[in-house]
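What follows is a single structure, written as structure tokens, with notes after it.
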Amino acid sequence: MKHVLFIQHCAPYGSESPQEQIDALLVAATFGLRVALLFQDDGVWQLLSQQDGKQLERRTLGAQLQALELYDIHDLYVDAASLDERGLEVAELALPAKVLDEAGLQQLVAGHDLVLRF
Amino acid sequence: MKHVLFIQHCAPYGSESPQEQIDALLVAATFGLRVALLFQDDGVWQLLSQQDGKQLERRTLGAQLQALELYDIHDLYVDAASLDERGLEVAELALPAKVLDEAGLQQLVAGHDLVLRF
Amino acid sequence: MTTTLHIVHKLERGRLPGALRRSFASDDSLLLTGDAVYAALSDRRELPGHCHALGDAVRARGLLPQWPPEIPLIDHGGFVELCVRYDKSLSWG
Amino acid sequence: MTTTLHIVHKLERGRLPGALRRSFASDDSLLLTGDAVYAALSDRRELPGHCHALGDAVRARGLLPQWPPEIPLIDHGGFVELCVRYDKSLSWG
Amino acid sequence: MHMKIALLVTAAPHQENAWQALQFCRAALAGGHEVPRVFFYGDGAVHGNALLLPPQDEAHVTRDWQRLAGEHGIELVVCIAAALKRGVMDADTAQREEKSVANLAPGFVISGLGQLAEVMIEADRLVSFPG
Amino acid sequence: MHMKIALLVTAAPHQENAWQALQFCRAALAGGHEVPRVFFYGDGAVHGNALLLPPQDEAHVTRDWQRLAGEHGIELVVCIAAALKRGVMDADTAQREEKSVANLAPGFVISGLGQLAEVMIEADRLVSFPG
């Protein structure tokens, strides 16, 4: 079974990219691939709670991330430096993502057969 | 006569934005607007000489910028900090753009009736 | 000389774009929209005195609980009023 | 553990993306394409030892005269070979 | 003060700024201002594509522009050069290019950059919504 | 070593990376590799628009993909969800949605994300070209 890492690097709502990555990840999981998700750069903003996409006539991305565990997707990671750059604390995050330093990031990438970041 | 400032902030060839701004500027000039052009952020890369868009099956943006003086467009400016960030020297630029510091930028924006940066 | 409403909808690594900071004059005003509303959390000290944010963009992103009270939230009616009050707008694409 | 060809086509204010630098392992390789080829001028010291650039992107942008000889220019055949040699590629979108 | 406010939309229809442009226009009209023309350029030209079909629970900005423009007499102008690069074509061009179909959405017109220059000259404000 | 190399294109047709994807595919075929499928997702879905008409002195990647795919039996798959958000529609969908025209370019097929998951599983390499 191949291990696939998706890297979310965009904030929610500004563009379609976060939604389209989640869609791809869910289908990949359905096809039997083992999927992991890393939040990096502006992607860390996806982890704030109390999002409400309806304000912009959009689906709520945060709610979809909350639902990942229902699909048995538990491998969630967040880039420590991306949090630091934005003044975000782990305690503010709505999901239990594992915080990675540089060595952790390099191991994560090296430990996967495919990595997608689009 | 209104004075319009166009701000080029993207490198050539990576996207359509530089070409589409030049097209808009030329038409604005034809309609009698007085136009100026500021190169900022990655837009400063547009000022390198010896570009050759044909390598990517594209028009050569640098050649179109060289032609601006034929249209009587002489108000060219470049953001000093953008050059510094990229290690570029004024001597490397293909066009005689006036280098602006912060005060100069603020005066430039304040001195125009319309500013477009898309 | 004219005044400018600077409209920003993207940040650079959580910060206001450097070029925006350099071009911002003391009589100008800043409107945070889109992904730029995160600046109220990540770049709060760099925000100028004249600063507003678009309420729907803030609420969609779940920022209301932590929102700094010194930055007024406006609706699109307020956005239009700002555009009328300042001589021109500059959207930071 | 697998090796990675990192393909980058955009910079952050003239520099390699910080996240790319943090994720780059010692066995990995870097390919500069698109607007990232400017890094050979603006961020030369930060480039790793295993680094190539796509020739057409370099020539289109007029960078050949100043191009640093230690960064080999490759064509698309070379690009394909790199993808085959490394276990996987990571395109920095 | 009653003003003529023109809009320049270069954001693609699915980007947040495209939605904000529409809300801005509604508010400007509600505030007693005139919006003579919205000019769609760059990726904004895709607004003129009649075949856009966003998810049912999300905004459909092209449809909303059509309604708003119809009610208030706003010109929705798509730049022809930007449109052709992005697959938006009116019937005349389709015939000339020997394409069997055209896909310009009703309510939109295709024209040149002169229509942008005109509002630069004539409008009191030009507000732009980039992607 | 002969490999199966699949491509994921999320760059829009007028972006440099879209052109690079095409050149990469040509080189992979010339190098004796197999390219079973190119999956167009995100803004890459616009590749499937039959009405794209870039300036005559610039690349026309949709036309070039059609030729290359025809000669080498490559599947050009456009994600349906991404396509509908960006105004690309095949005849079946157009009929269902009561649109009078469809605009999917010949040589392209519209399908779901399962087609991407399949090449993730089966291809030796998946190379992606983001915008």
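All chains are identified by letter, namely A, B, C, D, E and F, in their written order; residue positions are counted from 1 within each chain.
Methods note: a contact is a pair of C-beta atoms (placed from the backbone, for glycine too) under 8 Å apart; a residue touches a chain by one contact, two chains touch by 3 or more.
Since this is a predicted model, take the numbers as computed values, not measurements.
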Chain E and chain C - chains in contact with each: A, B
Most extensive contact between chains (C-beta pair count): E-F
Between chain C and chain D, centroid-to-centroid distance (C-alpha), Å: 35
Centre distance in Å when chain A and chain E are each reduced to the mean of their C-alpha atoms: 34
Interchain centroid distance [CA atoms averaged], chain A/chain D, Å: 25
Gap in Å, rounded to a whole number, between the CA centres of chain F and chain C: 38
Multi-chain contact sites of chain F, meaning residues that touch two or more partners: 10, 14, 16, 55, 81, 85, 126, 128, 130-131
Where chain A touches two or more other chains at once, by residue number: 13-14, 16-17, 41, 56, 58, 85, 114, 117-118
Chain D residues counted as touching two or more neighbouring chains: 9, 13, 18, 34-35, 56-57, 88, 91-93
All chain pairs that touch each other: A-C, A-D, A-E, A-F, B-C, B-D, B-E, B-F, C-D, C-E, D-F, E-F
Complex interface listing, chain C residues touching chain B: 1-4, 17-19, 22-25, 87-88, 90-93
Chain A partner contacts - residues on chain E that touch it in the complex: 14-16, 19, 55, 57-59
Touching residues on chain B, where the partner in the complex is chain E: 2, 4, 16-17, 20, 23-24, 27-28, 30-33, 114, 116-118
Interface residues, chain A side, partner chain D - complex: 9, 17, 40-41, 79, 81-82, 85, 102, 105-115, 117-118
For the chain D and chain F complex, residues of the former touching the latter: 7, 9, 33-35, 54, 56-57, 75-77, 79-81, 83-84, 88-89, 91-93
